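Per-chain residue numbering starts at 1, and chain names A, B, C and D are given in the order in which the chains are listed.
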Amino acid sequence: MIIVLKPSTTEEQLNKFTNMLKNDYQVKVNKWDGVHSTVLGLIGDTTKIDIEYIDAQDIVESVKRVQEPYKKANRKFHPENSIIKINDEISIGDGSLHIMAGPCSVESEEQIVGIAKDVKASGATLLRGGAFKPRTSPYAFQGLKAEGLDLLKAARKATGLPIVTEIMRASHIDMFENVDIIQVGARNMQNFELLKELGKTNKPILLKRGLSATIEEWLMSAEYIMAGGNNNVILCERGIRTYETFTRNTLDVSAIPIIKRLSHLPVVVDPSHASGKSWLVEPLAMAAVAAGADGLIIEVHNDPPHALSDGAQSLTPEQFDGVAKNVFALKDALSKVQ
Amino acid sequence: MIIVLKPSTTEEQLNKFTNMLKNDYQVKVNKWDGVHSTVLGLIGDTTKIDIEYIDAQDIVESVKRVQEPYKKANRKFHPENSIIKINDEISIGDGSLHIMAGPCSVESEEQIVGIAKDVKASGATLLRGGAFKPRTSPYAFQGLKAEGLDLLKAARKATGLPIVTEIMRASHIDMFENVDIIQVGARNMQNFELLKELGKTNKPILLKRGLSATIEEWLMSAEYIMAGGNNNVILCERGIRTYETFTRNTLDVSAIPIIKRLSHLPVVVDPSHASGKSWLVEPLAMAAVAAGADGLIIEVHNDPPHALSDGAQSLTPEQFDGVAKNVFALKDALSKVQ
Amino acid sequence: MIIVLKPSTTEEQLNKFTNMLKNDYQVKVNKWDGVHSTVLGLIGDTTKIDIEYIDAQDIVESVKRVQEPYKKANRKFHPENSIIKINDEISIGDGSLHIMAGPCSVESEEQIVGIAKDVKASGATLLRGGAFKPRTSPYAFQGLKAEGLDLLKAARKATGLPIVTEIMRASHIDMFENVDIIQVGARNMQNFELLKELGKTNKPILLKRGLSATIEEWLMSAEYIMAGGNNNVILCERGIRTYETFTRNTLDVSAIPIIKRLSHLPVVVDPSHASGKSWLVEPLAMAAVAAGADGLIIEVHNDPPHALSDGAQSLTPEQFDGVAKNVFALKDALSKVQ
Amino acid sequence: MIIVLKPSTTEEQLNKFTNMLKNDYQVKVNKWDGVHSTVLGLIGDTTKIDIEYIDAQDIVESVKRVQEPYKKANRKFHPENSIIKINDEISIGDGSLHIMAGPCSVESEEQIVGIAKDVKASGATLLRGGAFKPRTSPYAFQGLKAEGLDLLKAARKATGLPIVTEIMRASHIDMFENVDIIQVGARNMQNFELLKELGKTNKPILLKRGLSATIEEWLMSAEYIMAGGNNNVILCERGIRTYETFTRNTLDVSAIPIIKRLSHLPVVVDPSHASGKSWLVEPLAMAAVAAGADGLIIEVHNDPPHALSDGAQSLTPEQFDGVAKNVFALKDALSKVQ
């Protein structure tokens, strides 16, 4: 951590501040004098130092972190890739490409079992489906809730596909005991109480990036889960909010290689929510795989115009089959290329 | 709601779609034919129609809402200002200006009682203070929690100031029974499960705008609380996330008159979080009051450099006294001007 | 164009407004009455109607365009892809992949000829290099200017590679007569005076997307050039400004398929400026090609740490060789896949 | 400037780099060794050092400027406020409040003279009006051009109000010789060729903030003009581009006190373009004045619904009269308050 002091700092203030740093944080403090300002360099473990606390000092002009504030999610301290085991056959982050496919909302047993069979036939290895739905409007369909979870399990039984579904509050964790991957939605990325409780489980967590979360904030949310002891975190890029209004969100494809460099956690991409338009799913899925994503999560609905939520971005099973073919062919080609 | 159909739409598709609209939503459907496209206009209550559902239809090119999707928060259906009564003396939204002041985090009885006395002497009419703290890092101070709530109540007893403090999960609502205003933080603005539970209480709720929430989304979150039966919602603009890095957030001062036009709910402004810098609090507070804010929420700490959180943006009691003087003088001058 | 009128509109106002629309714009006007509002639909050529003019009417609540405001750049009126011929061998937009490579700034004959030979050997088919440099600081190196253009021509002579270089003012157009592709930088995307003058030439123009330009604004800038009679426009996505600070800009990879759908113009991607980091160039280039880009423009410098501008994002010729190999292998694989 | 080196840096690389810094830039270099990294601190005039050049070095992990990159615009080197004299009676930045009012576009002599008389009667001290108009669409009205300048001069003659109007290309500077304040629009804020030419004049320049320009970039554009010898720069905040779509732009009211702290140049605010809606002009104007703006620039049109551009945000002379009354009353009250 590097601290630039104001030109007006007195010798006495400087000594007091320096002693505080040494005593409270067990760091060494180096100092040099510039023409207009004095600069301090802290040496040691600075992850526990609150940068805002330092910044609040009267004598401080600005502060810069040299070390990242996340530790468990940091590749520096865990150089090899994390591989998140879902079951005996499926692991995310092991170099293979996994597609999680299914409807935005679970609507009926017939619907979810039918879609599960279809997407499995096209190569999907996990089934996604919403039982508890976060909706902007209180008047919109909120999901089948517990019944939706049961229907997902029925579809898993029928197809063998592990299931991925979203949790919306900590008190539901028991209900999600039998779910294979628990999803934390973009709007809950900084619901720290939920993250802490999920940190006490050993469930794989699919942590979606918040609508306007920086990459560092996203990794800090992963750190919340990991700090509790659960290292099974899969990150999911799903588009960020920008000024562009043509798409619902803007897919930040650069997040994929950046996460790979900063962290050892796997990254999955959601081209359906990123764009909000079904015709953009294929090109964005292709881009994500070419940029190194470990997986994709794609909305598929048997009858998109009658979907109870997010129909505009859903593919039909036939469309999904085409996308999956191209995506797997690309993955195959890439494995020979690089 | 206006629906533009694709040029390729057949007569049969059109009829099927039109009948569905009439039957499922009890709306009237008007149609006119353009050169390149056919346009439908729906007449009736369209708040229950999911715009994404319509947008997902194969034959639909685009959709536009004419009516706002919020009803209870909408000024059209409630023309007079809502006045939120806190106690016999204090009501937010009645034309007077209220300042909620206090530390980011409650740290000790001495601290919170001391600050409460100081800010009261300067004209603050409510005491703010964090007991449960949402922090980006799991390693940062998370607040005194239940003990913090007790200390706030002690400060209320000592000064008579009603207390405002943040809730972070639905299961804590009982603990907040005796709090005067429950704050929902920016990161939880779309924690819909929390909003629903708060809708079942009759507590005044201070609903902060999400980091990148549109004004419509913010009003929809207010609608979640109101749909549950609790109309005591106070909106709080606290800066939005933009590309500018000089300030922590960008205060959207235009949100004040916009909310006043679209909704009947009162608006309070948080210049401390909006800027992240104590020297910006006064000019932003002045701007907010000049633009019509019903109140301000300002961080005050007896010793900002030793604050356990957000010190950089806190004022000392002496600085706060100066800000409060100018802000009240401005409010007084405005009442004569307009 | 659909116009929603305010509920308060009188019969007289409505008639006056409707007549004005019919007379001034030769459009037909359809009307229907909703419960809360009256809606008008204009039929005919509405590209000449200023949407702001309509929006300014006292009686107007809101306006929505059904037709896009661009015509010459619009795929609806030009369904087949535009192919921009650079010379007898090279055409952009014909299905092949072209890489424009070279240094941010031309620095010396030795430098530019050396790099040109290197990038040609790796498969680049065009040479990029800056002679006139837009720099944020007036104290930074501003380019070799006219001398830089001469050096680029020398490198073209030595290698046969057509040259791409940026223009910064209309009065320089004569000087650019002998350049193969004239680049308009992001900061000049809405320098309308420059666009108009370029519209009078028949030169291929590489039009970079502005830092915070919407896709529609970008296409409108292309329309400025095309309205003048020059249809040789190549669009270049180079990252947009968002709140994320890890990268210099955020590559909007979805812009590629969107432009392909809305327009017939070719799209090239600049992964160097989009990220600002050399290690991100390869994954972003791969993503761009997988999403359907017609070309790439990549910064290559013989000695990035000594580059006079933008060194941090430049590849060495050796690194570029590796990137080009993978990118062409991907393009080859894609041609078999889809 | 503080430079953090990568852990892998060798002694030889370090020495070579340090010597280069000392020789090429005449700065002193201080060094200290941390646990994971070595840090260098440069002492001396670092404004000439290109931060990207440093960042491009193989051995560099990150760089941080301690000094701002602008000098002439920097309050540190010019502590007193700059006062820009327009004529014998009017100076911007002297503590008084000036309103520049008038139509977006000059349309006829009758129109501009009439509006000039009206706004003068309401207290405006300068007349604004567009002769050359930057328009997103090539098919929209582009202004009366040279004729518009003549009409503005006629209005000046009739009222004595100095005139403010926008320039769009360097080759027009001669034509603007007789204009009192030359405006550089948001889209040309980084048209560096235009800025350089304006730097050679001694005309007051109203420099609008770019649509997505940071405060530092905006000051660097002022620096371009000042580096050429023209210190008569007035900054104009006109709203920035954010994700919010309710308003055309988002007024960044915090820019006012920030500019006042970082620079000595005066700041004027444009509430008309910031919001795009006439009913928001008054509250935003009030906010701007309360936050310390030196002036306002407001669109006024005799007949907004028939304005040839930007009608939606224009006030009628009667509306303007009401706004001006309140704004001047506020300014008067503030002068007693603070």
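Keep in mind that, in the parts below, a contact is a pair of C-beta atoms (placed from the backbone, for glycine too) under 8 Å apart; a residue touches a chain by one contact, two chains touch by 3 or more.
Note that the coordinates shown come from a computational prediction; the quantities given were computed from them, not determined experimentally.
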Intersection of contact partners for chain A and chain D: B, C
Quick note, more Cb pairs in contact for B-C or A-C? It is A-C
For chain A paired with chain B, centre-to-centre distance based on mean C-alpha positions, whole Å: 26
In whole angstrom, the CA-centroid distance of chain A from chain C equals 31
Measuring centre to centre with CA averages, how many angstrom lie between chain B and chain C? 39
What parts of chain A, by residue number, touch at least two of the other chains? 212, 241-243, 245
What does chain C use to touch chain D in their complex? 47-48, 50, 52-53, 55-58, 69, 134-141, 168-171, 187-188, 190-194, 196, 210-212, 217, 220, 223-224, 227-228, 241, 304-305, 307-314
What part of chain C is in contact with chain B in the complex they form? 2, 4, 30, 32-37, 39, 41, 43-44, 61-62, 64, 66-67, 212, 241-243, 245
Residues of chain C defined as touching chain A within the complex: 212, 214-216, 240, 242-247, 250-254, 256-258, 261, 274-275, 279-280, 283-284, 286-292, 326, 329-330, 333-334, 336-338
